[in-house]
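One structure, pasted below without further comment.
Letters A, B, C and D name the chains as they come in the text, with residue numbers starting at 1 for each one.
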Amino acid sequence: MIEDIVKEIKKAVGKWIKGVTIKNSQRVYIDIDPAGVREVATYLWKDRGARYSIATAIDNRTNFEVQHHLSLDREGGAMVSLRSILDRDKPSMPSLAPVIKASDWIEREMSELMGIEFVGHPDMRRLLLSSEHWPEGVYPLRKDFKA
Amino acid sequence: MNILVLVVLFFVISAGTAVVGLLTTWIDRKVTARVQYRLGPPWFQPFADVVKLLGKETIVPHAASKAAFLISPLIGLAGVSLVSFIIWLAIFDPTGSGFIGDLIVVIYLLILPALAMIFGGLASANPLASVGASREMKLALAYELPFILMIVVVLIKSGGTLSLGGLISAQQSGGVYVASISGLLALVVAILCTQAKLGQVPFDAAEAETELTGGILIEYSGTPLAVFKLTRAMLYLTVPMFTVVLLCGGIGSGWGIPLGILKYVGLLVAVVLIRNTNPRLRIEHAVKFFWGHVTAIAIIAVALAVLGNRLGIGWL
Amino acid sequence: MSLKIKALTKSPWVYHLCAGGSCNNCDIEILDCLTPRFDVERFGVTLIGSVRHADALLVSGIVTKKTAPLVKQIWEQAPKPCLVVAIGGCACSQGMFKDCYTANPVPLDELIPVHAYVPGCPPKPETMIAGIVKLLGSLTK
Amino acid sequence: MSDRRIIPIGPYHPLQEEPELFRLEVDGETVVDLDVEVGWNHRGIEKLCETKTYDQVPFVVERICGICSTSHPLAYVQAVEDAGNIEVPERALYIRTLVAELERLHSHLLWVGLAGHFLGYNTVWMWSWKYREPILDICETVTGNRNHYAMMKVGGVRRDILPEHVDYILSRLPEIEKFADLIKGAVLDDPVLHARLKGVGVMTADDIHDYGAVGPTSRASGVPGDVRRDDPYAAYGLVDWDVICVPQGDVFAKAVVRVLEMYETIKIIKGCLEKMPAGEIDSKPKVVAPGEGIGRHEAPRGEVFHYVRSDGTNRPIRHKIRAPTYVNLPTYKTSVIGESITDATIILAAIDPCYCCTERMAVYKHKGDPNEPIMTGSDLVRLSQEKTARLRKEFGL
């Protein structure tokens, strides 16, 4: 079942996919090229009707990782996570916000707390807690952050 | 009566009104609590509230105009004290010779508490209080018209007597005014105006006491707040009592006294019931309501009273 | 015991102030105190909306960097005598959020004077009532 | 003539238990823009969790929110179990479901009360909170606390349900059923409420999909999303119940969904008590194997999402939390804009917002200048209550 869905995804947007891990029937992790995140996510969200749930940014110390989690509510409820690996020094990837409104807040949050740049975000206002206490360039969720 | 006796009487009566008024506010809170499955406060709660407020610090906001802020509550209190004094004197001694005040004076004095609230609200330089003040102003404009018309009905019936004592005597000998169609309509108008004068739901848009923020009173603390609370409590007794005098022939004497008290309690129950069964009315709607429906009722009452007078039909 | 204090104990008007970082549970339990089962109006306790009318501030949650100036300002606006009751573990001691990066370095009781601590996570309504009764009792001694 | 003004609500407002700041931009009577500034309540729990061990984290995430205090730990333990492939005994699954549904019941009652208050029915508020107490009694008996239950742990639950608890729960449930009947009859058939709430704050299924809204907010717009059924966990796949879904998308529909869900919840509780097998309640895992896992739970307000990454040590290296209000809140933009300000509060209240959940992360800066307030939050509530009054009059009530 889930294997069939993965096959279809590969067929549609295979050029961006670097690898697939099927953890179990409800959890799939797809490694993608960050440049193609918009195309893959749009395919899942628009063509397959998946619900955009949230994104997670992870500091792996050597690089940054962003996972976009989409839930295939109409096809058995499996959770598909699109994993993009970003450069440690200058993390940057295309924004999903112009396509999927649901990703607006989370991208602002990731940029604020993790320092990841989302190219093409329509409303990337400085939104760290309060500018009095949080100078530019301090990202509390990074591993090297010290309170 | 000499001046000294009058002054002493004034203070005794004002104090008495305050005590009974505070008790009636307690009844109001208790009934509300029972409706909501709660026990409600003990009987001395309003007294404790006022005494406590007297002992608190009085803060005058920086931006406020200090004199107006502090004097406003006193104006209101003075107004309601005088009214209660005049009304009680008329009730206890309808045939009393000394002139203390007549209907016109009472009408003017009854506006004072509302004016005091408006001034106080504007003086506190708080946007919320200003909103409250402007609403109170609109509301006062709205209910005064039917209120005056209601009094006109009484005047027509009494043949133009402006003396309160005269009204009471006339009703005690010649039957109460409310026992006629126009009188009944006037009573309805009076109850609705009472509701508004007391700032009760559904006409409490200005203060919104139940709504937690307190509107006009938002910046008041300590003694001035206590004075406002006291004024409100005294109005609770005075305004319905005024209606009793105007339309129901006062309290009476001897065996009439329990009946007279019952009249007041009846009015109070009406007020509390209306308060508990209605959500708050928006200010524009309150204005429309008073200028539309209520004024219409009042005009009909006036017309009927005139007709009754001309044709000599008592029940009109 | 003066009449002033006696009246204060019979008519404490409380203002509820959520200091910021809180799980909201204390706040809901405070509201719960007003509802039929606990009905603190029996004791004259009324929840009021203007801090100018307050006799006691019920503070819940940790003070965050963002709310610290507001909390201080609200305390200054309250007419004295005014009591401050810290409701719940967060307000008493910053609780488990002590190490958060947004927590104000100065805890509540160093920011404004605190007269009573009601610990618990969240304190039960009975605990809050008991705490306030104790605080009022200490006034009359 | 344009009569534009900005209405700030908050950050401290007596009707909201928590600080938050809304700015409504209003043209005459119509809301033209809305901005929300949150972050007053931001505590940085995700960072905090990285410093705690797997067994400590449930206590932290429990305190994200007092009303979803089972939802977050449940989603968290499921994420860890997913990451480390940890088995859970069947009895524990039933107990988890039971506690989660008790929480849903008291959360929905809380909402009914607050909605009643916003509409000017204070008596509804007092009554529904009165009937919330039996549920809190059950929670206290079963878990030891009225609100933070501390029942969830990786690999199972902390406390067992005793036979006398079963009888006790069953003896208290009729009170709640009686009250649910009362609301269904009195509130949902009230012509004033129909006029007041129908067609207000409508969200279409497309809006829901755009914003990724979840929970009763989405189920009231004809999107039958419910993690309990889509991705069954705990004992939701093992007992009999239905997803409540209505198509209208307005505030009334959200009320209907919540009231009807209370019946389903009672059904699930009864089903759990009936089918619960005997046995262990905890598989007592020793280590969490390296890996990553996702845990989801349908909280009273919608899907709670937890992502945990483990590297084999005793604490997570990354813990991502997403509360339902975080995705439901931005839908204000579609539901409030264009509506009358009299309806703004009830629309805002209709998603049952929970800022403490959301604000562990989000901050939204306002762009409007802090103009002097012409109206306040209490005015909005008042407007809302007045509209009810008006309608009551129209209906001659």
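Criterion: a contact is a pair of C-beta atoms (placed from the backbone, for glycine too) under 8 Å apart; a residue touches a chain by one contact, two chains touch by 3 or more.
Keep in mind that what you see is a predicted model, and the values were worked out from it rather than measured.
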Have a look at B-D versus A-D and report the one with more C-beta pairs in contact. A-D
Report the chain closest to the protein's overall CA mean, measuring from each chain's own CA mean. D
Report the inter-centroid distance (CA atoms only) between chain B and chain D in whole Å. 46
Can you work out the whole-Å distance between the CA centroids of chain A and chain D? 25
Counting only Cα atoms for the centres, state how far chain B is from chain C in Å. 37
Note the residues in chain B that touch 2 or more other chains, in rising order. 36-38, 211-213
Identify all positions of chain A at which a residue touches two or more other chains, and write them in rising order. 129-130, 140, 145
Using the touch definition from the top, which residues of chain C touch two or more other chains? 35-36, 47-49, 66, 99, 101-102
So in the complex, the part of chain C that touches chain B is made up of which residues? 3-5, 7-8, 10-11, 13, 35-36, 39, 41-42, 44, 47-50, 52-53, 55, 77, 79-81
Contact set on chain C toward chain D in their complex: 16-18, 20-32, 35-37, 47-49, 61-62, 64, 66-67, 70, 74, 95-97, 99-103, 121-122, 124
Can you list the chain D residues touching chain C in their complex? 11-12, 14, 17-19, 39-45, 47-48, 51, 59-60, 62-67, 69, 110, 125-127, 129-130, 133, 146-148, 354-356, 378
State the interface residues of chain A toward chain D in the complex, per the touch definition above. 23, 26-27, 29, 45, 49, 51-54, 56, 58-59, 67, 69, 71, 73, 76-79, 81, 100-102, 104-106, 109, 112-113, 125-130, 140-141, 145
In the complex formed with chain C, which residues of chain B make contact? 29, 33, 36-42, 44-45, 48-49, 51-52, 54-59, 211-214, 217-222, 225
